[in-house]
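We just call them A, B, C and D in the order they show up, numbering each chain from 1.
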Amino acid sequence: MDLNALVHGVPVSWYLVLSAMLFAIGAAGFVLRRNIITVFMCIELMLNAVNLTFIAFSHELKSVHGHIFTFFVMVVAAAEAAVGLAIILTVFKNRSTLNIDEVSTLKN
Amino acid sequence: MQNLWIIPALPLLGFLVNGIFGRKMPKLMVSLTAVLSVVLSFAYVLFVLSSAKSLDQPAVEHYFTWIQSGAFNVGFDYQVDKLTAIMLLVVTGIGSLIHIYSTGYMAHEEGYWRFFAYLNLFMFFMLNLVLAANYLLVFVGWEGVGLCSYLLIGFYFTKKSATDAGNKAFIVNRIGDFGVALAMFLIFITFKSLDFHKVFALAPGKPVATLTAIALLLLVGAAGKSAQLPLYVWLPDAMEGPTPVSALIHAATMVTAGVYLCARSSVIFVHSPAAMDTVAMVGLATAVFAAVIGLAQNDIKKVFAYSTVSQLGYMFLGVGVGAFSAGVWHLVTHAFFKALLFLGAGSVIHACHGEQDMRQMGGLRKYAPVTFATLGCASLAIAGFPFTSGFYSKDAILVAAHAHAPWMFWVAVFTAGMTAFYVWRAYFMTFFGKYRGHGHPHESPVSMTGPLVILAALSLAGGFLFNVPEILGKMFQVEAEGAEAATLTYISVAFGLAGIGLAYFLYVVNSALPDKIASSLGGLYTLVYNKFFVDELYDVTVVQPTVNGSRTLLWRGIEHYVIDGVVRGVGANALNIGGVLKHLQSGNIRSYATWVVIGGAVLLILMGVGGFAFAGGVR
Amino acid sequence: MEIFFFLLFAIVALACALNVVLQKHPISSALSLVGVMVSLAVLYLMLGAEFIAMAQVVVYAGAVMVLFIFVIMLLNAGAETRKGGSITAQVLGIPALLAFFAALVFLITTYYPGLSPVKFGDFTGGGAREIGMKLFSSYLLPFEVTSVLILIAIVGAIVLARKELD
Amino acid sequence: MPDFITPYLIATLVKTAVLAGALMTTLAYLQWIERKVIAHVQVRMGPSRVGPHGLMQPLADVIKLITKEGVIPADVNVFFYVLAPFLAVFMSLISISVIPFGPPVTVFGYTTNLSLADPNVGILFVLAISSMGVYGVALAGWSSNNKYSLLGGLRSSAQMISYELPMSLAIAAPLLMAGSLSLREIVNSQGGYSFGVLPKWAIFSGPFPQFFSFIIFMISAFAETNRVPFDLPEAENELVAGFHTEYSSMKFASFFMSEYSNMVTICCITTVLFLGGWHPLWPAALGSNFVAPALFALAGALCFLHGLNPARPLDRFTLPVFGLVFFGLAGVFLVPIVVTMFMPVFWFVAKTGFLLFVFIWIRATLPRFRYDQLMSFAWKFLFPVALLNLLLTALMVSLVQ
């Protein structure tokens, strides 16, 4: 890596790698965490990582389409959070646990 | 911008209000909403047409891009030109009258709000159809009016015959719609667009074979919607619906959509002589065929239904011989007098407490004078009596047919005679002689007779008030209308008068004779009386094989042995494999997540190994 | 200048993201996630996405995460329990993640090394006006569909939450 | 001089210092003003012991709060307990940075805006920050491990989220008329006068005067800042003191600081959005530049008048001093250079000050809402009305264009 080049700005690939890292961390949380709310937050984290990729490529292509896509992702994420949290409330009420491993049957 | 969208939006609003709140609203509000939405729409049409500068060139209004997928770009566009203007006037004008009429006719029916909601929805789709500026939007209207027609035919859904008739109409129309869909595909492949102006601009340069294929496919659609041979069978059965529906949808507006489509696509048709000939032949054959069946029907609405089929055949004849404007002219005048005939028939049925068999009527001229007079005007018009509306338009078609091929003229003019005969037969059976039914017939309320009077005036004077060929002017490229031949006019009038005279002789002067003739004709009469057994024929050749074939081959054969066998085999194996794999389906979300991550990793690795084929596509 | 701010906020984002996963208590995770989102908003600003950056803060940090915190407070969710478990996740999880991440980074560095560097002010097409123009012309239908989606989500959430009451 | 010290950097530092000093002083004295105003509304004297007319009261309060023991209760979540007041103060102070106080001025040949920053999405920035303000309160309530605090925190979060919606909608309407999200552009779009006298402020003119929007915004602003009549999170008789029950000393004070800072910010935003920012009420040609000297002179004259008939012995000395100060200020505002540079700022501050007075006035006047009333008021009345107003505005704007 030519360090002098860094004076002219940050390479887009750095943003992409950052996004990949965030995504991987989010996925790790999804796989390893047991609290259903934390798992849900890790999903949001992954969505955010993907948004960063959209924005980075939007900058690279000098087009606004990536922003639009991010906008839609945000809106859908907001809707998803509302429904998801309502589901979590219901699950908690029915089973009085937030441990995702205990919520492993589809019966009753 | 003339805000054309307001025209269909008003009935849509009426539909929404009546459809959502109608159940709870008082009848007055329902009828007010329905009637007002259509009348306002009519008023707005008048406003648009009066404020339009010139209608020679279609003024396209783009509202938004509806579908965009690669090269496929369809906008939500409306346009208005002279053809559309005429259709708009007919649809909203007649529609308004029939809405008013319906408030009286349907006053005591269950599901009053439902009826008006459907009727408004129909108006919306019909207006969408005539306003559309591309084929796909036309198709939306096309399907929509089919849907409303189905809903309204089956309006009395507790009656098996009504729901059957609705199904029949729907299924038969599907065949036609299939044709239209194929035609659209072909149009898009050929022209890379579905917009009218683009298609018509490019049409002259395309190979004749392609244009013929498009035109014939469109004809299939038009034949389905406009009840032409061989797809006419649904229309007579459609009379199961309420009479205003028969008048509006199955006489005045929807069934003419096929004619409209042909006239709209005239550019494609004129470049394909073969297709034009097919259209003319189909039209002529339908006209004759339906007229013959009409001779022997006893149900008053059936008589008019077959006459509708026959008159539609006329319009196709006009279109087929190149006289598009004559065809459209007949469309307009037919809308006047056939709507009137049906509304009059409705009034008669209303008068006779729901009786539809003409053998149970008679002598009604004393009981229902207004109906008697107005229906007389309509009958004169359909018989082509001089200077009534039907006279002008029919004459224009006949002259054009003569210029195209003299034999067509003779067949058509003979059919005109038959038309005059059976319509007047119905007229005489209904209004002359002694009353043969039960109860006391009575005249209908003003809300029903009012539209009758207006339509009667239009039937009489509509011909020279709306000189459609003059209005349309140079709209169509080829106008094959021959020189005005007075002789031809005399012949057609003579045939018409002869038909009326024969009917008078047989059903008023000597009313015992028809039965004798019928019995002497024997088998032939039976054949005609049973509508040439076409329905039975279709039943044996198409419906039964389909149903039985499905039952035996598809159900017992393929479904039972092949598919079920495969499924059972898969099931049995799945059980074994599942025994191994069930450990994967732990119900544990984290396990699933792990598998997703593994899958993602494998996918990425494969992409890396595969050289990431789309890497070059970034720039 | 750019490199300094990028590294600063990238490190903050990564630290917060790690914190999301590592913290025992959900409320700590939630607040760390807010940190990630705000740092990402700053990175968006550097990429010229003014509107999205603000929307990120308003929608994610200001609405979605408040909802999370609300639910956590409402359920009084404590640190997570360790009961039951997925052998698959424990055995295969970490290797799969590492493979996934390694493949991703390999692909990025192999195929996107030469992209132009990001300099603040290079791209100014991310304002509200540009996004609004696009949103209400080319993306009108998706936009309207999204509004329907939100409506459905609202109704769904209310139905689910009401069930919780009785 | 190193090359990174640019005029821009110096100007920004100076502006930051001035703004921070002014804001902090304002916050401190806002408390004093509020107490005084409420006292006078209730026909009392208000603070009068520390310094003349209690003018040193804020200083005394600060010293008291700083020197008090900062108790950290036993079962709290220490990290969040400490973090919460910081968050609250931070979020309330930061949005002042995008407020434009006046048109660009030129000092020593360097032209700079009278605002710290002027992002293109300024108003969105303000909304974003204000939406983050919930965290301080919610966290304070939760981390205190006290059910009253928790209830207060939940209440305030719910209230702030609910009232953010009508507030955003009310903001959107003037934005439609201005056609920009930049606060400076919004103020610029309200410059000028129709018929020569009526200012083109959003509240008065445009295709659809934003009067309703203004009212809705003000009501939401009361709720957003947790002020009376929407001060449920700190309803003493129900919740002890709400989310800050467990707080003491400077941490306790920071919540108050954030409340007053929020008030100042939101009044500035109101001024920018609806009251034409720094544009005077009537044109300078008709003498609006003399409003400031006249007001100060009037204040000075009043001080002298009261100094002649002192209510208390000390007033005989203090009031004439204040009178002289006011006369001096009046004189300063007659100097041409001051007029060109600071007259807009005067107008901005005057409008903001008036709005702040309205806040205090309302606090002295109205009783508190019940919680269900508060919620149904936001969702069933304010929100639909704001939506309707937005629709009407959009209609009128599109018709005019």
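Throughout what follows, contacts are C-beta pairs under 8 Å (C-beta built on N, C-alpha and C of every residue); 3 or more make two chains touch, one makes a residue touch a chain.
Just so we're clear, the structure is a prediction, and the values are computed from it rather than from any experiment.
> Apart from chain C, how do the chains cluster through contacts, with nothing moved?
Ignoring chain C, the remaining chains break into A, B | D.
> Just curious, how far off is chain D from chain C if you go by their C-alpha centres, in Å?
Each chain reduced to its C-alpha mean, chain C and chain D end up 32 Å apart.
> For chain B and chain D, what's the span in angstrom between their mean Cα positions?
Here the centre of chain D sits 68 Å away from the centre of chain B.
> Between chain A and chain B, what distance separates the C-alpha centroids? Give it in angstrom.
Taking the mean C-alpha position of each chain, the two centres sit 54 Å apart.
> Centroid from C-alpha atoms only, then distance chain B to chain C, rounded to Å. What do you get?
Computed value for the inter-centroid distance: 55 Å.
> Where does chain C touch two or more other chains at once, residue-wise?
Residues 51, 55, 63, 74, 84-86, 89, 93, 96-97, 100, 104, 112 of chain C touch two or more partner chains.
> Mind pulling the residue numbers of chain A that touch at least two other chains?
27, 31-32, 34, 60, 101, 104
> If you look at chain D, which of its residues touch at least two other chains?
none
> Mind listing each pair of touching chains for me?
A-B, A-C, B-C, C-D
> Considering the complex alone, what residue numbers of chain B touch chain C?
Within the complex, chain B touches chain C at residues 64-66, 68, 586, 588, 590-591, 593-595, 597-598, 600-601, 604-605, 607-608, 612, 615, 618.
> Where on chain C is chain B touching in the complex?
It is residues 84-89, 92-93, 96-97, 99-100, 103-104, 106-107, 110-112, 138, 140-141 of chain C that touch chain B.
> Can you check the complex and tell me which residues of chain B touch chain A?
So the residues of chain B touching chain A come out as 586-590, 593-594, 597, 618.
> In the complex formed with chain D, which residues of chain C make contact?
Residues in contact with chain D: 27, 31, 34, 38, 41, 50-51, 53-55, 57-58, 61-63, 66, 69-70, 73-74, 127-128.
> Taking the touch rule as given, give the residues of chain A at its contact with chain C in the complex, in rising order.
Where chain A meets chain C, its residues are 5-18, 20-29, 31-35, 37-38, 40-42, 44-45, 48, 51-52, 55-56, 58-60, 62-65, 67-68, 70-72, 74-83, 85-90, 92-93, 97-99, 101-102, 104.
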